[in-house]
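Shown next, in structure tokens, is the structure this report addresses.
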Amino acid sequence: MEKTRYQRGLKNLAEIDGAAGQRVVESLRDIAPDFAQYLVEFPFGDIYNRPDLDLRSREIATVAALTALGNARPQLEVHIHGALNVGCSGAEVIEIMMQMAVYAGFPAALNGLSAARAVFAERGAEK
Amino acid sequence: MEKTRYQRGLKNLAEIDGAAGQRVVESLRDIAPDFAQYLVEFPFGDIYNRPDLDLRSREIATVAALTALGNARPQLEVHIHGALNVGCSGAEVIEIMMQMAVYAGFPAALNGLSAARAVFAERGAEK
Amino acid sequence: MEKTRYQRGLKNLAEIDGAAGQRVVESLRDIAPDFAQYLVEFPFGDIYNRPDLDLRSREIATVAALTALGNARPQLEVHIHGALNVGCSGAEVIEIMMQMAVYAGFPAALNGLSAARAVFAERGAEK
Amino acid sequence: MEKTRYQRGLKNLAEIDGAAGQRVVESLRDIAPDFAQYLVEFPFGDIYNRPDLDLRSREIATVAALTALGNARPQLEVHIHGALNVGCSGAEVIEIMMQMAVYAGFPAALNGLSAARAVFAERGAEK
Amino acid sequence: MEKTRYQRGLKNLAEIDGAAGQRVVESLRDIAPDFAQYLVEFPFGDIYNRPDLDLRSREIATVAALTALGNARPQLEVHIHGALNVGCSGAEVIEIMMQMAVYAGFPAALNGLSAARAVFAERGAEK
Amino acid sequence: MEKTRYQRGLKNLAEIDGAAGQRVVESLRDIAPDFAQYLVEFPFGDIYNRPDLDLRSREIATVAALTALGNARPQLEVHIHGALNVGCSGAEVIEIMMQMAVYAGFPAALNGLSAARAVFAERGAEK
């Protein structure tokens, strides 16, 4: 049932991205409510729900990809929260950013570190 | 000492990327030998040598980033080998590709899956 | 029901991308059968199924985006077929490519035109 | 005559992008006046002047491409205005953004929706 | 006069890209002859014709940009020819590729070096 | 010795990027001090230290690449300072931006010109 995908997605979204994820969904209510539904259902109800890769590994993959792409700062911040929520340490997040210098260049890494600093500050933790 | 970074890098490169990594270094001998050295030293002697993130997590990050960027197929194949060499299962690699559909679109995921298929075939394993 | 999204998606995929789309789905059977399902369900069962934008406009958007991104040639070819299947003329596809020179540069436009030439040849029509 | 391309371009720019386009041209006067001329002449005097694709389709292509690229927010906003000026509805713009989730990922779509929200607010229309 | 831009462009294209540039223009005759004209007029008749930056610097900029973008191999090869035609040494081209590792990552640099190797071989010069 | 690469890098960084480069290094002290070291050592101690390409050409390459990529505004501003510091005129920087319209599209060029305007203003020079 559609409903199950949505409910599964909401639960996973809450576990992974916490309040930051919820804010994204809320922000879509006015302009594209159906997209809020798809965002809960496909990424979080389908993909993140699959058992063959643990959530910590999934968030490492997402933080790495968004840092490398370098054009989605708000979503990168949400997923730095996500990585920290599912078991990554701040030091591990920093390592991912530094490693992205190798694959996407130093500017991508520097901007990733800037996003990490903002998230760490928001959570009241330097690292 | 420079020498130590290089030696450390060679050892890490061999452990992670195996023969595929060695082929990349060899291929640079004619055209840019100094770049072969930098490639060993900075990514593998400096970054991958750092203890704060395990190699399996590092390769997950790299495979995710290269799949998302979508413009570096040869290097993606090298690092799919790398991920499998340091403890990822084929099924986990597939999960990373599928997840990239969420962050970089379905074409990026499809092309990542195509790279995975090529590497799995080369290693004589469907999955 | 899940089944309905999938069935809807298969029907839309067949209408839009024809044999080229079917080949993409088939090619996933060995390596990522679940992804074949997601590909049918979310893009074609959810998005392309929405009534608020006609299929011709949707394919114009997709061809433009893939030409601009420039890193997904196989998928671009599939959607040039798609655009022609849902009512675009060859001349209109050429116009989209040319326009992308403005937004993503001349190389992106040239590579888009090269993809168009390949698809036109496959369909036995120069234009 | 050069003059004709420029005049043609100014007319098309005014029709498509309205005041937003004019502001872009004005902003170049101090730093790169020749580029203001090229911007009027090539994109708007040459490309948008061609009869083989209607303006509505052209703006759909541009909005899709800029949303997918995700690194040109000011220009995306100008062309959301453009799309609305030449006959797209707000709902159609939203559909394009949502569809870009399939080809460039959910973050690209979310940031496109954010740009749409800003433009709709500026025009005093929620949708 | 339009004719003058085109003639200026043809002359600059021949000087910069030589036979490789001519082949690009020829390849457009069947599918998009007007785009061949724009390609000669705007990039080569307008931009490369401007006196405020020397041709060697212009080709350095283009080779760097196409290496960093990493999604336009044929055009990168044309402009490696171009750089060599207007006074860059093979060693300088190699330096640009290596430097791009810093700004776009090692894979971009490796793929740039691969393009350089192909062009050097075509010209019968290892470096 | 490591120390030599670092010292060489600091000297080159100061010569090229001046105060802007120093601010980047300082900003990393809290969150990723090792990355500050790598940033000095590899790009500035290794790459920019190589004799086979002059600094003016190197900064032209970097400004072109970052303008084309379009997702690293802070680093683009640092390197516009850098280009001006090592001998480029403001007019030459403007030419690079304009040329990027050909290879990465008009939005990339416009955003590059916007970065140039900000840097010129900071340096108290309109051009």
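All chains are identified by letter, namely A, B, C, D, E and F, in their written order; residue positions are counted from 1 within each chain.
Heads up, the rule we're going with is that contacts are C-beta pairs under 8 Å (C-beta built on N, C-alpha and C of every residue); 3 or more make two chains touch, one makes a residue touch a chain.
All values reported here derive from a predicted model rather than from experimental measurement.
The most distant chain from subunit C, with centres taken as the mean of CA atoms, is F. Between B-E and the choices B-D, A-B or B-C, the pair with more than half the same contact pairs by residue number is B-C.
Counting the residue numbers that touch the partner chain, subunit D and subunit F have less than half of them in common. Averaged C-alpha coordinates give centres for subunit B and subunit F that are 28 Å from one another. Taking each chain's centre as the mean of its C-alpha atoms, subunit A lies 39 Å from subunit E.
Residues of subunit C in contact with at least two other chains: 34, 38, 42-43, 47, 50, 66, 68-72, 75, 94, 98, 101-108.
The part of subunit E that touches subunit C in the complex is made up of residues 24, 28, 30-32, 34-35, 38-39, 43, 66, 69-72, 74-75. Residues 1-2, 5, 34, 38, 42, 46-47, 50 of subunit A are the ones touching subunit C in the complex. Taken in their complex, subunit D has these residues touching subunit B: 68, 101-108.
Those residues of subunit F that touch subunit D in the shared complex are 69-71, 94, 97-98, 101, 105-111, 113, 116-117, 120, 126-127.
Residues of subunit D touching subunit C in their complex: 42-43, 47-48, 50, 52-53, 57-58, 60-69, 72, 75, 91-92, 94-96, 98-104.
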